[in-house]
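Which chain is which? They are A, B, C and D, in the order written, and residues in each are numbered from 1.
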Amino acid sequence: MAPRKLKIACAGLGRMGKRHALHFLNRTPRAELVAASTPDDTEIQWAKQHLEPYGVRIYKDYDEMLKQEGLEAVVIASVTTVHAEQAIKAIEANLHVLCEKPLSTSVEISQSVVDAAKKKPSLKVMCGFSRRFDDSYRDAFHKMDTGLIGRPSIFRSQTCDMLDPSGFFVAYAEFSGGIFVDCSIHDIDLALWFFGQDSRVKSVVSSGITAVQPELRKHKDMDNAVGIVEFYGGQIAYLFCSRMMAAGQDDATEIIGTEGKLTVNAQPMSNLVSIYEPTGIRREIPPHYYGRFEQAFVTEANEFTAACLDDLKLPMKLTGAVQAVKIGCALQESLNSGKKIYFDEVGRRVEKAVL
Amino acid sequence: MAPRKLKIACAGLGRMGKRHALHFLNRTPRAELVAASTPDDTEIQWAKQHLEPYGVRIYKDYDEMLKQEGLEAVVIASVTTVHAEQAIKAIEANLHVLCEKPLSTSVEISQSVVDAAKKKPSLKVMCGFSRRFDDSYRDAFHKMDTGLIGRPSIFRSQTCDMLDPSGFFVAYAEFSGGIFVDCSIHDIDLALWFFGQDSRVKSVVSSGITAVQPELRKHKDMDNAVGIVEFYGGQIAYLFCSRMMAAGQDDATEIIGTEGKLTVNAQPMSNLVSIYEPTGIRREIPPHYYGRFEQAFVTEANEFTAACLDDLKLPMKLTGAVQAVKIGCALQESLNSGKKIYFDEVGRRVEKAVL
Amino acid sequence: MAPRKLKIACAGLGRMGKRHALHFLNRTPRAELVAASTPDDTEIQWAKQHLEPYGVRIYKDYDEMLKQEGLEAVVIASVTTVHAEQAIKAIEANLHVLCEKPLSTSVEISQSVVDAAKKKPSLKVMCGFSRRFDDSYRDAFHKMDTGLIGRPSIFRSQTCDMLDPSGFFVAYAEFSGGIFVDCSIHDIDLALWFFGQDSRVKSVVSSGITAVQPELRKHKDMDNAVGIVEFYGGQIAYLFCSRMMAAGQDDATEIIGTEGKLTVNAQPMSNLVSIYEPTGIRREIPPHYYGRFEQAFVTEANEFTAACLDDLKLPMKLTGAVQAVKIGCALQESLNSGKKIYFDEVGRRVEKAVL
Amino acid sequence: MAPRKLKIACAGLGRMGKRHALHFLNRTPRAELVAASTPDDTEIQWAKQHLEPYGVRIYKDYDEMLKQEGLEAVVIASVTTVHAEQAIKAIEANLHVLCEKPLSTSVEISQSVVDAAKKKPSLKVMCGFSRRFDDSYRDAFHKMDTGLIGRPSIFRSQTCDMLDPSGFFVAYAEFSGGIFVDCSIHDIDLALWFFGQDSRVKSVVSSGITAVQPELRKHKDMDNAVGIVEFYGGQIAYLFCSRMMAAGQDDATEIIGTEGKLTVNAQPMSNLVSIYEPTGIRREIPPHYYGRFEQAFVTEANEFTAACLDDLKLPMKLTGAVQAVKIGCALQESLNSGKKIYFDEVGRRVEKAVL
């Protein structure tokens, strides 16, 4: 008898939703995509063409989908504003949940998902920080973990998007939580991974500019920003996020230890081709985040599926997703106030540095 | 109704056979692996564990497998010596065929597959030159094809395996056809791709050494060799093949045109990690061919499947596989005779250069 | 008649002093090293052997040296604590001055050199920021200056020394002014160069750790630190400095503009050699600052000489050296206080951000 | 008393002659350029402006120059056709000689220089293979020499010039000896260095095309060529030379040993700058040979000077220069005849391979 497959549904069929749906449909052998939901008519049409023929039932209403007979898990790729609500509903319906990052742009709401998940310890509830599933990051983590660079001490990471001349990201900024919550959240999660999931933030401070889109300021956002995050225990993460890269997606990370350093993607490239031409030697880089991390998303789908089917431990704790949002929100606040923000050892805001 | 899938069987479950079987089972959504055959008991055991539970029927006898009801295609990954025979039998059974390279180490036997395929023009019969499906090679080809480097003129390519200290390749050399037929066949196929499928060879000459395994000479083989292939029309390919790389699989290609140059994998790497340590900055490279080309094999499986289902043109002609063997065998002959070998414009051996 | 040469003396014959003396003796065709001074007996011995035979007069006393007949210029490479005093004395003796960085670890004392220089407008007085003379930095500046990357907006730069296991830098920290004044001063100067010499600092904030040398704290210093410098006009520089690199000197800079990005030394290397070995592919990097910037120091000597002989404009203003110390000192202060420091538009310290 | 300097003259003030003259004038502290000669009036004018003011005496006649009182050495940078004659005259005048490569495009004439030098064993006579003085090549040689890559076995090297659209090199081909003697001579010399100065050639074979300048054929030359050189002892060098690079000077070398591989300049670059722009990431490469090897020429001048003054052993034997021309000429002959050329163990041409 063929081993059973995880029956999963996909909520949201926007850009990332379509990708998640197809990953579970075609590239996750142990999963069976059985349903998908979206309130958007255009997306419904897409689903009828690309999913329905393969036995995927299409819903306009998320709540209806949750009732589908035999459903075991949901991947949530809808707009950020409904992530938490949909995740909690799924948990309450006894479904495993893979939720796109962030759980919410609010720390409290993010925490509410953790609280819901705690009540159902048998469920797998994961916030999808895709880089955790990237081969290069995993290799770097493994090398660090085996002591290759001594004690990790300084962490530099950047998430830099190619400039979208349409300026779509200005409207998007109204709901994104800001550049630190939308982009740097990945780098913050990586810092928590490399420094240890239970690292406690001591302070954050940030600065930013609007070099190409001054209108971002009406949403209290910037198009380029840098930040410093201090942790209790003597580690520092420093971050850069940008919306104006010329060449493409430029995401790089360095982990500096007492005995060595690891870099991930310090020399971005689309593939292994170099072009020699009159202006020099050139290589291309991926235009978008998905171009860099496609395989990581597929691995994420497969590992989440295996964790649900085999009751395996997830690669990261859900509480980390709240911690990441907390740091991201504090960096975004500092960006606008111009002030450094301090936390005590149990995570409460305090007025000045704990020395 | 779900779109139908291609019912395919896998012949041979050695190292590459297992991979092909799993690619068609798990990573080729439009294919259904329905059967697999191997005369080897250990491989049968593996198949019972990894394939049978998913509905794959296991055969000890290839001929029996061909009779399976509904079978539409075969991927042949058995030992090279039976490639041609199995391919011809499958063609005669009206099955599409994806055959691992080379069709045979003999030009005549390779040609017999082409002849068999000609009689069944509706069948898709492809020799699996995996690099044709690699993203980087495709990108390079596309850039050349759109004129980025002018007229391609000089082609350099190498297939260099990591040294296997067990010396397995010495015994293997008895049947491999020699290093030019076993390794450089890929580079020769690439040359035919980049210079044009109908390029006609004018001369070949080669030299080699046994730097690490003198016993190879009993099989008329070497562990390192270089060769030059001249084509009518004024192009030259020069090749290097080796069995003694220290760092890992080191396969690189350059295409030099009148207005630019393209390189593929001139800087090999396993992933995007760099390691800074007291001895300098280091990156790792894939230990084996599959580490470099895994994704290309998966793409190959998917595109072959699509070609069969949708009656699409295959990306390369089967005759090219004969031409590649012909050039590989001539290089291997020159390696042993120390002489340059000449061909006239219709492909016949001649005694001296056609000027 | 042979064109005349600039008669120059070298003050200080420590590590950098020896190098400067030899550069002017052997690698600056238009200069003639005529004198050198040092209070240190070992250095005197070295000078008697390596300089005196070539007609260089050796002094134990700096003031005596200044009186040497015909002397036209002094390169000051003594300990930082006497830079300013020696520079002022030379200026008062009507000598051109090339002073190693920093002028002083104190803003006020640095300013006193500027004040002295102002009174002798015919003299060339330059603080030796060596990177301004490096081919790669100059190429990057030129490319930016011609508009290749649009408007420069974000600047990232790091000065990271190889770990000296002797811990010499702990004792050195007593007088160095701290890691931001000693190391990052170069990066700060670069930021002022790329953003414009008259850029006005708006705020600084920094954080640091003692990962390998906790004793540094007794000198109010750290072994790793990061900082953010905001400028009026909407530019940001962010910096990293470290004393614990494993692989060697790791100095890198990025200039991010609205239409592109330039990097300098993002992939450090000693030379053009790569080593393929069982652990992967490796390249070495320079162990020390001089290994990276030797040629820049030679160019500096030659251009300073030409400026003196031909009355050319120096490549940078002396006031920039004071501005660099001011920013470095503020970063060092923030490192210890944990507080962000604000400046108004005319450069005065203020209590909070000017919004 | 100041240590004495080597009094040297420069013969020829063309492109390379000017550079040699200036290197000895300004960048070779232990040498004193005292004379220069050229039959060309324009070059004489240049010399009067750039050399004469510094005490360099200018001659129209080489023989006259040799008589100058106190002259100790000559650097010969005149046209190749007079290299040997001028070198022999200088040797007979008891002068040390640094002669630009090649000694001659004829093996016999090259040998005549060696014969002349043998009669004056106290003189330093060197053929200027500049790459022997390049830091990267030296580092690679040193690493190989200490056993890092085991026994060197395969050597790949290329000398590839940027396309000169003026086609100057067509006229130049009449006297250059052809692309293998003009360009690959450097690679051949490197092969002799890395495989051992006394390596004996066993066979050569080559192929070429005229991709951009068909007129080269009237001088029996090509614009792109590849060659294979077998040595007794089981080593192989394979070479590529080209006149049509788009990006700039592209000279690269690989030394493949039984336990590792070294590459030199496999990733060419002008400096340490990378440019991120909408078409990707780009770096520039040197447009000309001198851009790549300037510092090597300066080191050559300094080491030749030291060898003369201190009676040190030169870094390579003069006989190697004859061996390099012999191999280069044989490759050039094979290029035109289309035939492989064989040598016996004592270096005589034979009709077929010695097996």
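The working rule: a residue touches a chain if its C-beta (ideal position, glycine included) is under 8 Å from a C-beta of that chain, and two chains touch if they have at least 3 such contacts.
Owing to the predicted nature of the structure, the values given are computational and were not obtained by experimental measurement.
Student: Supply the minimal count of touching-chain steps required to go from chain A to chain D.
Tutor: Minimum step count, chain A to chain D: 1.
Student: Would you mind checking which chain's C-alpha centre is most distant from the centre of chain D?
Tutor: A
Student: Just give me the whole-number Å value for how far the CA centre of chain A lies from that of chain B.
Tutor: Computed value for the inter-centroid distance: 39 Å.
Student: With centres defined as the mean C-alpha position, give me the chain B-chain C separation in Å.
Tutor: 56
Student: What parts of chain A, by residue number, touch at least two of the other chains?
Tutor: 149, 245-247, 250, 259-261, 266-268, 270, 275-278
Student: Can you list the residues on chain B that touch chain A in the complex?
Tutor: 1-3, 25-27, 29, 53-55, 135-136, 139-140, 143, 148-149, 259-268, 270-278
Student: With touch defined as at the start, can you tell me which chain D residues reach chain B in the complex?
Tutor: These residues of chain D touch chain B: 149, 151, 153-154, 156, 203, 205-212, 224, 226, 228, 230, 234-236, 238, 240, 242, 244-247, 250, 256, 258-261, 266-267, 337-340, 352-353, 355.
Student: Contact residues on chain D for chain A in the complex?
Tutor: Listed in rising order, the residues of chain D that touch chain A are 245-248, 250, 267-270, 275-285.
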